[in-house]
Amino acid sequence: MSVKINKSEIMSQIGELEDLKADLYGKDFLLTWEKSDAQLHSVLKIAEILKQMHSENIDVSMFKTGLAVSNFRDNSTRTRFSFASACNLLGLAVQDLDEGKSQIAHGETVRETANMISFLTEAIGIRDDMFIGKGHTYMKEVAEALDDGYKNGVLNQRPAVVNLQCDLDHPTQTMSDLLFLKNYFGGFEKLKGKKIAMTWAYSPSYGKPLSVPQGIIALMTRFGMEVELAYPQGYDLLGETIEIAKNNAKKSGGSFKISNSMESAFKDADIVYPKSWAPYAVMEKRTKLLEQRDQNGLKELEKECLAQNAKYDSWECDADKMKLTRKGEAVYMHCLPADITGVSCKKGEVSAEVFEKYRIGTYKEAGYKPFVIAAMIAACSKKNPAQILRELYKKAEKRVL
Amino acid sequence: MSVKINKSEIMSQIGELEDLKADLYGKDFLLTWEKSDAQLHSVLKIAEILKQMHSENIDVSMFKTGLAVSNFRDNSTRTRFSFASACNLLGLAVQDLDEGKSQIAHGETVRETANMISFLTEAIGIRDDMFIGKGHTYMKEVAEALDDGYKNGVLNQRPAVVNLQCDLDHPTQTMSDLLFLKNYFGGFEKLKGKKIAMTWAYSPSYGKPLSVPQGIIALMTRFGMEVELAYPQGYDLLGETIEIAKNNAKKSGGSFKISNSMESAFKDADIVYPKSWAPYAVMEKRTKLLEQRDQNGLKELEKECLAQNAKYDSWECDADKMKLTRKGEAVYMHCLPADITGVSCKKGEVSAEVFEKYRIGTYKEAGYKPFVIAAMIAACSKKNPAQILRELYKKAEKRVL
Amino acid sequence: MSVKINKSEIMSQIGELEDLKADLYGKDFLLTWEKSDAQLHSVLKIAEILKQMHSENIDVSMFKTGLAVSNFRDNSTRTRFSFASACNLLGLAVQDLDEGKSQIAHGETVRETANMISFLTEAIGIRDDMFIGKGHTYMKEVAEALDDGYKNGVLNQRPAVVNLQCDLDHPTQTMSDLLFLKNYFGGFEKLKGKKIAMTWAYSPSYGKPLSVPQGIIALMTRFGMEVELAYPQGYDLLGETIEIAKNNAKKSGGSFKISNSMESAFKDADIVYPKSWAPYAVMEKRTKLLEQRDQNGLKELEKECLAQNAKYDSWECDADKMKLTRKGEAVYMHCLPADITGVSCKKGEVSAEVFEKYRIGTYKEAGYKPFVIAAMIAACSKKNPAQILRELYKKAEKRVL
């Protein structure tokens, strides 16, 4: 199923990457809004070049040996496989850091552990999305510990830390979403003025992270899109991410609006991204209860929260709402797995009819993720990724005999 | 301990493989009885070539990068290591799909998960042998999901699905058993007319899968062997596998017979394969109870079943019964681990004396499995495996410096 | 942070390695005191050459494919990562043998399992340190099973067994400690006459293994050091390791002394290694209780033992005690993680002030371990490791593009 692209096009893409002069070497990829436009485009371009080279059966392993550490502080199947695929593609072997049922570790432990697992490590992927105010903080602690170890000669190399979802952002997801949209509409320029509805949707579960909606509004506003965030009253996101979205929209010539109506958001939308999340206030309360190991409190909170959710079970992406979108043909997006009415639950985020129509698209959306992760690792661990990609493309060793 | 074979012999083996023209490319390996003779011989030949090349320290890695997913829905040590060894031999990195304690997943979930884990995946090994009517069905669902994803451009490549044991068949085991026998007796031709006793044996445990006896009677009957299946009344296998064995025997000029006597089966046997299994009816009942999560029902069933087993504790492979076999020197086989009387249990499938005599043989029997699995992956994922093996053999890069 | 060493120096190191003629091929690395001086120096030299080549970005993978099995019968993060790093550095893929919650396996099971996991395996790392009289015994059982399988043609190759900590010794730790000291003081010759205080230290936990102090006194006495072992009455080590230390000291011209005073040991020490352990007698009692699954007995023992520990909470390595050492500037060592007063516990083995002063040193000490493990595997699985290292160094393929 590989798309043939002529050789000169890949080479010109690599040239464009070089021209970006986006220095990510020695850095981490934690939040999109910490990165310059050139840095974002650099990662996106590397991801597309890697995806193309993979489809042409060209070996892109940049590491002969080296470990990649995965640290999942929340369950994960998809991101685990995306990370494993990305690392393997580059030639790294994955080793899980299984903290077991230990609580969130702090202070000395983080500093020491970060070094102990890194003597021959080139990349560390972390997922820590359950606790408001914790995930991103933890990733920064790990990063600082690695800086300390590298500076003091403990480590021969400084592993790149990649955020596989934190309490603030989910950059490997949103960058994959962005690549999907860019290719769907035919280029980043085409995204300007397109309306995207990032909306809450009903789910019979509770406690879903806020990182996807926060990451989407912060990222899509940078590309001149008209972003409407819609949710029932009480389902607010973190204030700081709202501010980022507002500022980005101003700079890019796009717009950012918040409403409390799914219908309003869907109206004339080019893209809809209906997805459930827990209100920020609930997540904060939950973080405290988890810290206090208050099982009764947690059960009580879940009950309350599900009752609150139930009030908004009309927030389902169904065929009628899709008719409100531009020509009734907006593209539907989801980070998967979606709660599909009548399939994975009685009533959920999306009707079976709508999901089935866009199913293959959502799979393709997900298919960018391994390459985005690989691109982040390559960008952060290589002084000149363009030169390496050019060498690999010229060499054109078969990945598979 | 490598056996020296001259170079022209390996090359002629590769030539024979090419002549088989057995197209397995893009297919899965789920049941031996779905495969043509040429396809079976193709896998067997690749396995032997790989084993020989390994013993000659020749690198046979056909993949520079790529994932192999293992999905064990039942505990496993041996098959897990065989699969890991096979994939590593070919150059693939293994990533476990750990479904945790979730129930058997159906519908959307299987379709979606199969694609989500496969973006950079070349092979998927599945063990699902606990539920009558489920394991093979699940594997087919995964395979269909991969077809769908590949056809729709979600996947760059179609991973090969390998059955690591289902409710119907255990092809990686039985093909290893077959290779062991072929080399023991000196060729496939020599197997014609040989009598194999596939018999039930007593075990103090319960719920052992039926896949090995079913797989053995279905496979060995294809090679002109005289197959006698023996078990106490009530320990029936699935009817459909009995029919397959009958038909195969007719076609191959061998024979297939069922008896209720271990002694009858051992009489003049060239090979004995005494192994415990649960009656089909019990496994069906168990599947229902497991679905209903009926813990009391399951305990009750176990008690009944063990009591029933106990009535047949004379079904042990001991020195006296071995005397009944051809010249008292039949070869003893087992898929391991065996329940050995006085070693791993008070009373079991085989006496310590008999097991010890044949122990090294059973280890060698098991030693074919990594190469059989590697052969299945190579056969199903390569358009022309013979050509690749020829290249690798000519290149003769050292696997180990 | 790589240290530049000129090419001729690495080559002369490889020459020295060759001159040692230390035949470890086909052997295991279980206890330092089973090894000749030449064998120890051979492993140490390979470790340093590998570390240097890694820092120069030279690929040292000696295996194109092959498995390394890790068998952790006790929890581990650091050693797990060191083993994974070491194997990956050499080109091996790690596969965990997860015995689950099964009891220590004996007899047939060990013999069979050892072979079943080894068909394509090149190295097996085992940690089994919880049971006095068991860990080393188990490793020998595995080794004998592998000898049996290799001799009988079950295995194409004999995997090397590496002791990742047993009840007697912790050679990967102590050899790393030794390399750290050798480089700290500027050569093995400089270690002669240096005083090392291997002392017990207070910890609020219980049941810590004896392998580190036993391994340290047995190893450091071989290098002409003045070893003082100090512990409160009742915290004895295994008698056999005391005898080894005594004999080694006699042969090397060093000394070995036991005292019951931390202050006495610290007096004029060049090196201090304060570390908690459980008394031998307690560990024996614990082994029995664990075998009997006597939960109440275990709780009772823990209570008693913690109360006993508490009597010696003055055995903390603090700034005042450090003043007793040579010029108040002894080097502090620890195998990590240390129980740090006010950081990881209320009161522990070492004060925060002392630990922080030496923290980076302890990290560097740990940084030798992956290379020591890799060296053990290389030494035990290669006929002529010097020749292979020379080839790799001449070839100088980039490990990382």
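Letters are used for the chains, namely A, B and C, taken in the order the chains are written, and counting of residues starts over at 1 for each.
In this text, a contact is a pair of C-beta atoms (placed from the backbone, for glycine too) under 8 Å apart; a residue touches a chain by one contact, two chains touch by 3 or more.
Predicted, not measured: the structure shown is a model, and the values here were computed from it.
**Q** Hey, what angle do you get rotating subunit A onto subunit B on C-alpha, to the nearest 5 degrees?
**A** A turn of 120 degrees brings the C-alpha atoms of subunit A onto subunit B.
**Q** So subunit B and subunit C: same face meeting same face, with over half the numbers shared, or different?
**A** Here the answer is different, because the shared fraction of interface numbers falls below one half.
**Q** Express in whole angstrom the distance between the two chain centres, defined as the mean CA positions of subunit B and subunit C.
**A** Centres of subunit B and subunit C (C-alpha means) sit 41 Å apart.
**Q** Can you pull out the residues of subunit A that are in contact with at least two other chains?
**A** If we look for residues of subunit A contacting two or more partner chains, we find 93.
**Q** What part of subunit A is in contact with subunit B in the complex they form?
**A** Checking each residue of subunit A against subunit B gives 1-2, 54-55, 59-61, 75, 77-78, 80-82, 84-85, 88-91, 93-94, 336-337, 340, 343-344, 360, 363-364, 366-367, 369-370, 397-401.
**Q** Within the complex, which stretch of subunit C touches subunit B?
**A** 62-67, 69, 93, 95, 97, 100, 107-109, 112-113, 115-117, 119-122, 149-150, 152-157, 381-382, 388, 391-392
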